[in-house]
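First the structure, then my questions, so here it is.
Letters are used for the chains, namely A, B, C, D and E, taken in the order the chains are written, and counting of residues starts over at 1 for each.
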Amino acid sequence: MQLWLIPILPLLGFLLNGLFGRRLAKPVINAIAVGSVVLSFLWVVKTLNALGAFSGGLEQTYKEHYYTWIQSGSLNIGVDFAIDRLTAIMLMVVTGIGSIIHIYSVGYMAHEGGYYRFFAYLNLFMFFMLILVLGANFLLLFVGWEGVGLCSYLLIGFYFLEKFATDAGNKAFIVNRIGDFGFALAVFLVAINFGSLDFQTVFTQIRNMPVEASAGIFTTIALLLLVGATGKSAQIPLYVWLPDAMAGPTPVSALIHAATMVTAGVYMVARTSQIYLHSPWALDIVAIVGLTTAFVAATIGLAQNDIKKVFAYSTVSQLGYMFVGLGVGAFSAGIFHLMTHAFFKALLFLGAGSVIHACSGEQDMRNMGGLRKFTPITMITLLCGSLAIAGFPFLSGAASKDLILEAAYEHAPWMYWVGVFTAGMTAFYVFRAFFLTFFGEYRGSTAKPAHYDPDTAHRDDHPQDDPGHGHGHDHGHAPHESPAVMWIPLAILALLSLGGGFINVPHFLEPLFPVAEGESARWLEYTATAAGLAGIALAYLFYVVSPGLPEALAGSFKGLYNLIYNKYFVDEFYDATVVEPVVDGSRQLLWRVADVELIDGAANGIGTTARGVGRLLRLAQSGYIRNYAAWVLAGSILAIAYIGFLGASR
Amino acid sequence: MTLLDIVLFLPLLGFLILLVLPKQSSRMAALIIALGVFVVSLGLLMPYSFQYPSGHTFTTDVPWISYPPIRYHVALDGLSLWLVLLSTLLTPIAVLVSWNYIDHRVKEFYAFLLLLEFGLVGVFVAMDLFLFYVFWEISLVPMYFLVGIWGHERRIYAAVKFFLYTMAGSVLMLAAIIFLYNRTGTFDYGQIQGMIQTGSLVFDARTELLLFLAFFGAFAIKVPLFPLHTWLPDAHVEAPTAGSVMLASVMLKMGTYGLVRFCLPLFPDAARRSAPWIAGLAIIGIIYGALVALVQPNMKKLVAYSSVSHLGFVVLGIFSFTQQGLDGAVYQMLNHGISTGALFILVGYLYERRHSLEIAAYGGVATPAPNLSIIFLITTLASIGLPALNNFVGEYLVLQGTASANFGWAIFAALGVIFSACYMLWLYQRAFYGRASESLSHHMPDLTSREWAAILPLVILMVWMGSFAQSFLPSISVQNTAILNQTKRLRVERVAAPAQPAAEVARANR
Amino acid sequence: MDALLFLVFAAIAVICGINLVVQTHPISSALSLVGVMGALAALYLLLGGEFIAAAQLVVYAGAIMVLFVFVIMLLNAGTERKLAIRPWGKYLGAPLLLLFLGMMAYLIQRILPPSSPVVFGAFQGGTPAEIGRSLFTVYLLPFEVTSVLILIAILGAIVLARKEVD
Amino acid sequence: MPIASFLPTSADYARFLPELLLTLAGVFIMFLEALRPEGKRSGAGLFAIVALVMALPAALLASSGPAFQGMLVVDGMATFFRTLVIVVGLLVVFSSTDYLRGEHQESGEYYALILFSIVGQCVMVTANELVMIFIGLEISSIASYVLAGYLRDDARNNESALKYFLLGSFATAFLLYGIAWMYGATGSTNLSDIRRMLASAAAPPEALIGVAAALMFVGLAFKISAAPFQSWAPDVYQGAPAPVSAFLTVGPKAAAFAVLLRIFLGGLEPIASRWAPAVWVCALATMVVGNFAAIMQSNIKRLLAYSSIAHAGYVLVAVAANSGTGSAAAMFYLAAYAFTNIGAFAVVTYFSRRGERYVSIDDFAGLAQRQPGMAAMLTIFLLSLIGVPLTGGFFGKFYIFKAALDARLIWLTVLGLLNSAVAAYYYLRILVVMYMREPGESVEKLPPAGALLRIAVYGSAAGTLLLGIFPSLVLDFANRAALR
Amino acid sequence: MPLGPLPAAVPPSWYLTLSAILFALGVLGFLLRRNIITVFMSIELMLNAVNLSFVTFSYVLKRADGHIFSFFVMVVAAAEAAVGLAIILTVFKNRQTLEIDEVSTLKN
């Protein structure tokens, strides 16, 4: 089946653009970048079709072995790819959304510097993401896992002249490293306990093992994996990197930080569901983490003014939902939501991008408004996306979210209620953004300097070529609609987020995750939907009907408002408790004191002592013959005493 | 006269040739010789390319000194093969990187470089304890001069410190070697090893421990293991680029190699008994090195401390006494050689352009010199153990092995992986990202073809070793299995085994 | 009788010896040294060393001491001057010497196996004839080799003391 | 017993041939000197070289056995040391000529003295009789006293000579006193007899022998500059003319060691349990004093003097081992050290120039850039002194500590090895200034070395490396020659 | 020494004691005297003491070797005297002093 073609195509794209991109014309770069991804999408479709995924086939895992990567003792790790229905969905989402966003980027990045670099990174990301989903063992999964992390690092820091961008990049990478730390430990434990890292081998072993009554090896592994997942999928406590990640170009936020990479955690938990199913305890933790994240992120989302930040927190929140789904055992629901979320969140981000594009790089919603006049298409598509995420009946978001909530109710009603409330908040802040952007009057000054200065931003590597005019360039232009190459992808995504709910993912996944029989009570759906609609209405009231209200409200709940406006001061907390202690401790204590003073001091101390002894001995060398004679006499007396008399005693 | 002998003595020949050649031609001559040695050394791969012999190959064993019986006994096995190749590969690269860097007393410089290669290769192939010690000390001298003559401001302090540290360690090893001879009547590694295996040579616990420590001390200083590491930062900072490269890439491996080759098989019980302590030190080294590296204002110091951290992994793997741990450790030796070597080369490039090692003196290099920064990025990623790059395989195996030996160790050691990301990425951000100052952009040309030639092989190796580890691992693995078997037997059995006179055993082992 | 003689000459020897040490003028030290040598010559006789007693007087008291006195005169060395320098050696010396003497005395009195008292004429081996015989038979080689010694002495003296060549 | 039986046979003379040759040569040189027309230089140096070269085979090929009523005994050890001191003499003569020329003191007496002193040392190493030992010792010493003060107008020379002479004869008195007691205790001065006596049932009280041995040890320890009798050495070696210092640090020392081995490992072996511990202590003290005091030196001659003390300490370790391998190790070490040290001093001789102006270590700054050849040679010598492999010094140390471990002297070995690590520090300092500092005026106007001196330097270097790479050449001989 | 009625003859040990005392006096002279020549004479005193021991022992042993030995000692002493005094002369020529402590420029 040549599964290897799927990741290799983007890799080729990366190599071509990465090595020769600087000498290539933009059309060629586009052709390579977009082409490679689209091709791999087509190859995915062909492969899945051949495997009968679209015709109820692919019940069993299909696996291909290429070569042995690492062989040490009993441990044998091969480069194997495998496809089952879970992978199938991920493949479709990744390559599909990937292609769309690549196309969109052609328009969005048209005037950016480092063009080839951008697409090279994007292709590299596709490669690693596909490795992640195709990998048939933990280590290969880990390869993709870290690889996508790398690409996100590179793309977040794409505008590397800006300190905040590179800071965000480092933050993302390092926070993810913390997650990977857990993942790695889990991998070790798996290898130790099951003697292999191959999914099939491990899970077949586990299947015949009893479910753990109390916390045991499964719980340990599961929780360690969860640590990894929280890192990659931006769950509490490691979610802090995602909002900053918005420093990257918007398509990146859409592809990596909304649709695909951040869902890797969800995928991984689903992939290792066998382990979780053997540790109910761990599952509960997953659910609780998810729920908390969903709620907290949503609250923060309420008060953000940067449009991308709003969507970022909503991403965190939605990922929380997915984890709730997983945690309550509705794996298929989680994956379902993963897919739908990919549709509408990609849409939202790209839409936001289009808006930013329209407002010459402005991201603060307080300086937008009234755009419906200028960018009708964008508005409509965004509306679709917003409705979908708000859980408007029959739209994709509603379908998947309701499944999760129902499962949550089965598991523990209070979870359901928290979820519903969160859904309400979601609807509110999404539409808050929507209204602030498109309704009211345009508040942006016509000559707004961009938050970054593309003049230099695209001189970042080849100063020689003429500065194309980036977003910041059309100063003074009125906001304008985006070109077709940008809005057509929007349209496609809009359709998907409208109709995506009718793809029956749970059924498709049944061979992997059997769905609980029995129809759940209808009112559950109604309440959820109601919450969504209420949120929308509230947003309309606040930001269209009486725009003064929010400030008043914020005024009356100042403390609470500041708290959520400042994201609960979590970053500050981490800085104060982790970052600074480590850095200062290392500098002052470990380096200056321990290393220089103590250890090196001791070493040099030996030298000093030796020199001191030397000085003493020199003084004994007085130069006076009579003293020397005295030495001889003393020595002879010692010798006589020792050899002559004391010698007898021994 | 096997191929190995040729590989061993060509550098010495080159050294002599350089001494007689006129100054101006020495550069080219050195390059040709070094490359020649490398090409010849590739022939050593022959026996290892299709099957993986566990025994020795290219053995030469002739008497050197009649009494005490010291033999010129050199041989190659899966363990030494790659280290030899590493040395022969890095020498020409070192020649290349010093092409413009070294402008005075060029001839001596390259002569010493070749002499150093001679010593290093010798250390890895010597199968006679005495011969091993001889090469061990020989390799010390040229490095001393490389640092002391062509180094930076505090070069003399650094050189002397380096020499004395190593000397202090090795004299005790010499004592232990002599002691072993007095007990066994031979210096031959194989024979002594055999005696220990057959149980005809048994030490009481205390003696074995002391002997073990005598060897271990020498190696631990060379590695360097916390807290014996303080010579390393000085030596690295002061050494010229080529010196740092050879020091980090190959010389430090002498220590780890010694641990695997001598400490484990010769004193299995002592090694096993002291493993927890050593592992403890290794772990401290990993975290400590990383944390101290985090706050270094000087690039070379940073990389030096990172070496302390990385080699902690190697030691940890060795003393995990597991197949994976040992394989990982040996593989990590090579990885560290490649990636840290590359790092020093790149730092050297920066220094040649800006004449400063202070990170603060840089910033925004990526803009004027994109290629340099990309290569640096790849190297950085390799050294923080990004999958599909070389270090990942090594670190994974080490940690896997350690975990199966003692999960607690693995937890702490794995922390090192996080910190490594911190200091390297922070370094990269400060040096390469941001806006370049005018003066910097003017003095920051991109890589020249010579520089490409020096760095590219290493970069290729990083990817290759990361993605196709199996082209290296099997021969190493076979060797390590043997070593592990040698350390398996517990003293109780050996005491029980009939103690036969040493001479007999010696004959038996012939 | 023997005892008396011994005591007398021993006393002379010791007194002269002490005098040598305490005198600050080299000449008086030299003369007291001559005294010691004379006394010793007498004791040698008591011990039956006729030849050696003669040699003692001729070589030592005669030749060597003359040489000393000659040099002292040549350099007209006066009494020692007081110097600021105070090497600690001499202060350490005296107690150490007592220790030394103590050990030797213990050795001589306690450990050395006792032997018959010294009676004049009890030992006839010290006559010139006897000495001559063994010098030219058993000790031929050392006797010859000493010539080299003398040669060097002359040579050395010339090298060091001759007037400048240039 | 008939007188006839005492007449020396031809065999006796054959075994005494080297001494005879050298003596005759010495006398002949004195005649040459006397007959030499004013201002013309006599070929004394050349003649001395010829004589030594002739003496070499005579020493090497001498058939072993006693001579002159057992006054002498030619055995492997005697041959070894006789050869050694003769070679030493050769190298010293080579390295002296230019020096004397520079000082305008090139007169035959110098060579005559060297030859006579070597005669004395030959006598010492062959003697089997305390009388002979004593006389040989005195011949060698008196010649050395004169040599040390050879430049009689140089205050440093005088002082060195005076110190050497006074303290030397002071120590000799102790040695004599010891001999006297040994004679009194055993009734003999013949080492073989003494040993037989001590081993026999009629052995005198041990304390008696002990005291005698102690007093003799003092005398010899002084000659080999072992602590606490070392204090004269630095002053003397610093004050004496450089080539003479070279000679003093190896020639008389080697001979004294030979005597030490003969007396203690030979005659006094039966009471080893008494003297071995004392030697142990003495060895350690010597190493420590020598090495640590050397750390702070700035004058290279003085530094080498201290280092020679330290090396005497290493050899004493071998003596303390009190075994065949021990004495073999000591012999090998002395050979290696002879080459190394003469070489080092030869370079110093060359560098210090007239009046020994440049003897401070800092004067050597940048030598490697002006005279790379000489610097390289000095490097070899220093590395050998440190004990880096492939040099004689390394193998010397190796065999010594091997012997020590054979004799279970584990702590002495460890401490000794650590000492050698300390030693590395001050030798490195010289390397540092030679290679890592910029040249100063002392180096700027440095004339190229003369031919004879070159021979001395390169010869010693060759010897050092030869002993380092093929030690068997000498070591096998030493092992065969070793006592027991 | 035991006092009381004087015996007819004294045992050799008395001679040896005398020699030891003289030896010690010689050493003392070496340590106390500051005039180089006197110091040298002290050495001669020590040698004489040794000679006494030799002669005494050869009386005890009834053998002549001791005498021979002390004869050689005398010869050596003579030689030493010649050279030694020559050295002292040169020193005096250069420094115009015989104070032993002033000959101490080489030190440390």
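Simple rule for what comes next: a residue touches a chain if its C-beta (ideal position, glycine included) is under 8 Å from a C-beta of that chain, and two chains touch if they have at least 3 such contacts.
None of the values given here were measured: they were computed from a predicted structure.
The chain with its Cα centroid farthest from the Cα centroid of subunit A is C.
Chain pairs B-D and A-B differ in how many C-beta pairs they share in contact, with the greater number at A-B.
In this assembly, the C-alpha centroid of subunit B lies 70 Å from the C-alpha centroid of subunit C.
Taking each chain's centre as the average of its CA atoms, subunit A and subunit D sit 78 Å apart.
Centroids of subunit A and subunit E (each the mean of its C-alpha atoms) stand 98 Å apart.
Averaging Cα coordinates per chain places subunit C and subunit D 30 Å apart.
The multi-chain contact residues of subunit B, meaning those touching 2 or more other chains, are 164. Among the residues of subunit D, those touching two or more other chains are numbered 131, 135, 138, 142, 145-146, 149, 152, 161-163, 166, 170, 184, 207, 211, 234-235, 425. In subunit C, the residues that touch at least two other chains are 85, 87, 89-90, 93, 97, 100, 103-104, 107, 112, 139, 142, 146, 149, 152-153, 156, 159-160.
All chain pairs that touch, listed by label, are A-B, A-C, A-D, A-E, B-D, C-D, C-E, D-E.
Residue ranges of subunit A in contact with subunit E, taken from their complex: 618-619, 621-626, 629-630, 633. Put simply, subunit A touches subunit B in their complex at residues 22, 67-75, 139, 142-143, 145-147, 150, 153, 157, 160-161, 163, 166-167, 169-170, 173-174, 177-178, 180-181, 184-185, 187-189, 191-192, 456, 459-461, 463, 582-583, 585-587, 590-591, 594-595, 599-600, 603, 607. Chain contact summary for the complex, subunit D toward subunit A: residues 162-163, 166-167, 170-171, 174, 206-207, 210-211, 213-215, 217-218, 221-222, 227-229, 231-232, 234-235, 273-275, 277-278, 281, 289, 292-297, 422, 425. In the complex of the two chains, the subunit D residues touching subunit B come out as 368-369, 372, 383, 386, 388-390, 394, 398, 401-402, 405-406, 410, 413-414, 417-418, 420-421, 424-425, 428-429, 431-432, 435-436, 470-472, 475-476, 479.
Subunit E makes touch with subunit A in their complex at residues 27, 30-31, 39, 100-101, 103-108.
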